[in-house]
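Both complexes below contain chain A, partnered by chain B and then by chain C.
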Partner chain A sequence: MTKNIKERWRQFAAWVNGADSDTPVVTPEEKRAARPHPLRFLHGMLSEKNEMRVYHIFSVVMCLVFTGTLLLTVLYLPTFGGAGNPTENEVMERYVEKGIEEVGATNLISNIILVYRGFDTFGESCVLFLAATCVMILLRKDEKNTTAYDLAERAEDAEIESEENTTVLRSVVRMLMPVILLFGVYVLLNGHLSPGGGFSGGAILGAGLILFENAFGEKVRRFMSEHVYHFIKVAALYFYGFTMIYVFFTGANGLHSIIGTGIPGMIFSAGVIMPINVAVGLEVACTMYAFYAFFSKGEL
Partner chain B sequence: MRPFYENLPFLCIFLAMLAGITTSILHSGKWALRISLTALTVIGAASAWLLYATASQNTYFVYAMGKFPSPWGNELRAGPLEAGLALVFCIVMACSLLGGLKDIFEDILPGKQDLYFVMMDMLLASLLSMLYTNDIFTGYVFIEINTIAACAIVMAKDNNQTLVATMRYLVMSLLGSGLFLISLALLYAITGHLLMPQLGESIHALFVSGLYTEPLTVLVGLMVLGLSIKSALFPFHSWLPDAHGSSTTASSAILSGLVLKGYIVLLIKIFYRVFSISEVRSLKITNVLFVLGALAMIMGSVKALQEGHSKRMVAYSSVAQIGYIYLGVGLGIEAGVVAAVFQIIAHAFTKPLLFVSVGALSSTAGHEKKWYYLRGAGRRCKLAGIGFTLGGLSMVGIPLLAGFVTKLYLAQGATLAAWQTAAALAALAVSSVLNAMYYIPAIVQIWSSGSTCQEMGIEPRVRRADPALVVSVLVLGVGVILLGVCYRPVVGVISAGLALL
Partner chain C sequence: MMLARAIVGSVLVCLGLVVFCISLIGVYRFRYVLNRMHASALCDTLGSFLVMLGLAILFWSVWVTLKLACILAFLWITGPVATHRTTKVEVLTDEYVMEECEVE
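Here is the complex of A and B:
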């Protein structure tokens, strides 16, 4: 008995000292194998393949349980759009009835997301900025993620993109491009008057830019260099951020604000909504284009 | 016109965001660092002012973002609790950055260092927003920002391990966000509000009338599940050791010390302001949190005990420490939550101290992270050795250090609990012994004489402590000791802040 304790103490001391000493190293797996285990025969039955199968079955069951619970919960919720629902309260009333008068945009959604709940939307545009920055951290060309093979592939891509191979694409894009850009600008500038706004308009502009890049790679790249990208992105976010600071500061402190509502329905109305829509739109367009550029080439 | 200090929370959040946006065009890691540290200093000073202003008058205020008050517009709310936590977060983040400075500039490619600090600034903005928000949907938006930034600071090191760890972290974290979002949708459907004060009134009315009990139960479950996945409560912790163990030193310190806590603070705010602690208790969700917290305290330590990799061991110890926080919340009484918030602060100081020290210790052995090769590392970098010893002893719960006070308050709280007393005390005792079983050998190992890293062909080298490391270890170490010695004022502020919530 004493010898056993002494032996164990010696082993413990050796382990504390971090030395292997003369005791054989026992890995956790070996230890587990050496221990009598009531579930051993179960482990024996579970080969690796079976284990994966159990795992798959378990995940499917989990999904079904979650889906079932959520569907059941929906049964207990108030009917969608029903009269007298909890959502039909003073909040919605003021948004719908006073929105045009207080903020000035005939698109009520713009009023809510850019003015009433402007802080959330500023947060959302920061999400986009962060997402683009993340993609840059991950995919920007550097010695770790680019091999000679990648470079060769990209050179080959550039070859395929060259003039004679893209005649059809180029003619179509030449026709479509003005329409797409015009539509994007329209959605941006009319965000406070009709459905649309910064996020949707920016997405259209961004998609247009990506299409243009596919057809006339060189020209777009010459214009959308990394400097231009950073300039537009930061200028848009600065403008948005400082506008929001002004709006929040004057609003919260009850100071007089120079931002009016204008005449609802006019293009220059609704105070800060249109400029903010433009800023958000530029940022979204840049972000979309940057996603495409980083994923395809690792640089702008 | 309101007093100027009431503008501080909003200005702090925007300062952090604008710092992040500015940093993205600098193309220089050094300047990015300077901007981040300046922002942290200014925000820390502002938080201290706010803490003084609110704690001295024992008051709180709500701040409408724009001219539309609740329930129409976004709002912030600040009291002693929020301001105090913001101050702690700023100090800890600055110290973690300073302590891991050398590793940041070694681990991350020069072209991407500026982007790393963008993530830090945005992380700070999101943590502040989650602290100050009075609007549950704003909370969700900043959870998203927090998720992206947290994944990016793991990924920044850019080797195979961190990429795999980031993927796991991202998937688990997004699952948590998704569940939280679904619960918000349900909450909005049955109350029609998103601002916390009005939500509180509606929920209270629902409790009285007994309407919509089923969706209410499901949504509380989803909300707690979502936030506990993101804060690595025990069965959902599998992503944590990889993410915290493989990233660069500063990232590990900030992820363990701050990011996990942001979600828990939000959960506590929701428990207090949307529900009330008695309503939460009647939904039995605190019992679930209690059991999981107790399991986490033990299982986290057991896992740490099996770990030979120093950073992964410290990361597993985070799982156990998060368990303490949930154990406190799970007691379902005021005293338990006070202990939980104290643990948030104590762990926010202790864990970054451990990570920073381990980072410095392993740099004396060629960045080898296995305990086996760290023999004698404390003798080669004495400051980091002292930091690790202090942090480890605090985790074990030696009196006069922060960890002891947590255990004291948890035990005191447990004696007042309904049925949890014996279980809580047992979990505390077992967990303390387990903590000692892995921290004490580790401390003995780093102070032993000789070295073992030659076996790997690495020459042990003495690391002179650079000023940044000295400041970092000193501030965090003094924080751990101060929290352990003069804990009464801290607990006073926490109780006052919770009473005002």
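Here is the complex of A and C:
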């Protein structure tokens, strides 16, 4: 009985699809193939081979035109540090003319992002914190979700990272590591005097940590434990938040701030910018390292 | 003098770009990872050397040359190590590496 019903149903479906009629059956795939591709403007006008050739030439010409336009635009940019550079509007004018006097950093960009628009940058730091937290929630491995496959994978990783397999890397990292970390600290501490600042310095520090972890896995994991990671991250964010509250409170109410601007150009100047840069840098370095650690091992 | 320097510098930079292009073609042309690594390592050393030399001649200043030398030293130290490490991991993890080429 069931077989009969199935058979009938199949017949019915075939009839609906046009079986036994004079017009040939066309499946959707065939229909799609018969229709010209929406991006093939020249369909049917040239032979297949010539058509492809036209498209190749067209794509190359388009790439060249775009590249040329971008390069031409670069030619028309104002020169770096030129005296007659356009000050876009009064906000920019204020930043450029009063920035050093009001905030005290010779790097105008850090004046803008850390004091005039400090709240915005605080949001960015919170985004980093949230991103690291989400990665931790999604990728963390502990005893409850570690499978035998994960353990085997980890053993293979340990084999790849073993001492005899990383001799070259270890000797080079031993040589380069101080330079990279010193450069990161330099960029962090000079954020208010020269190009750089919290985000770039933190990125350099984080990249250095990742490189170090690749060469001497155990040593880094020993001091960068989960405890230390949480402490640095939360402390940096709290410090940034409270400093920002203080700056806004005194700035908005015209109160006297005990953190002066100092002499522009000195390392201890520009008030809160340098400590904030250090906090942001630690935050960024921790986030980068945590991303790497969670994606590669699932734990710090 | 100015003109000769500009010409020599530009020619060196262009030569460096040619080396980069050759290694790029190699990366796509070769079939197997180790061959590709070999092709890509070419631009790390010779290509960056030619470009840096051309830039040093174009700028013709002691401090710029020193900075470029530092960058080149960094690239020459790190590039081959990165290539070595990637290749090493490939050799260690690929079970069929012996079918493609002889590895110690």
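As a working rule, the second predicted complex is superposed on the first by the 208 of 300 C-alpha atoms of A that agree within 3 Å, B and C clash if a C-alpha of one lies under 4 Å from a C-alpha of the other, contacts with A are read in each partner's own complex, and residues count from 1 in each chain.
The rule is short, and it goes like this: a residue touches a chain if its C-beta (ideal position, glycine included) is under 8 Å from a C-beta of that chain, and two chains touch if they have at least 3 such contacts.
Just so it is clear, the structure is predicted and the values come from calculations on it, not from any experiment.
Novice: Going by the touch definition up top, name the partner, chain B or chain C, that contacts more of chain A.
Specialist: Of chain B and chain C, more residues of chain A lie in contact with B.
Novice: Looking at the overlay, what does A:Glu143 touch: chain B (first), chain C (second), both, or neither?
Specialist: Only chain B; A:Glu143 stays clear of chain C.
Novice: Once the shared chain is lined up, is A:Phe295 touching chain B (first), chain C (second), both, or neither of them?
Specialist: So A:Phe295 meets neither chain B nor chain C here.
Novice: Classify the contacts of A:Phe58 with the two partner chains as first (chain B alone), second (chain C alone), both, or neither.
Specialist: Touch partners of A:Phe58: none, neither chain B nor chain C.
Novice: Per the contact definition in the header, classify A:Trp9: touching chain B only (first), chain C only (second), both, or neither.
Specialist: After superposing on A, A:Trp9 lies clear of both chain B and chain C.
Novice: Return first, second, both or neither, reflecting whether A:Met175 touches chain B, chain C, both chains, or no partner chain.
Specialist: second
Novice: For A:Phe223, using the defined touch cut-off, is the partner it touches chain B, chain C, both, or neither? Pick first, second, both or neither.
Specialist: neither
Novice: Which residues of chain A touch chain C in their complex?
Specialist: 156, 159-160, 165-166, 168-169, 172, 175-176, 214
Novice: For chain A, which residues count as touching chain B in their complex?
Specialist: Residue positions touching the partner: 15-19, 28, 69-70, 72-73, 76-78, 85-92, 94-95, 102, 115-120, 122-124, 126-127, 129-131, 133-134, 136-138, 140, 142-145, 230-231, 233-234, 237-238, 241, 244-245, 247-255, 257.
Novice: Contact residues on chain C for chain A in the complex?
Specialist: 74, 77-78, 81, 84-85, 88-89, 92-93
Novice: Residue numbers of chain B touching chain A in their complex, please.
Specialist: 1-2, 6-7, 10-11, 14, 17-18, 20-22, 24-25, 63-68, 71-74, 109, 111-112, 115-116, 118-119, 122, 125, 129, 135, 137-138, 141-142, 144-145, 148-149, 151-152, 155-156, 158-159, 182, 186, 188-193, 202, 212, 214-215, 218-219, 306, 371-372, 374-375, 441, 444-445, 448, 452
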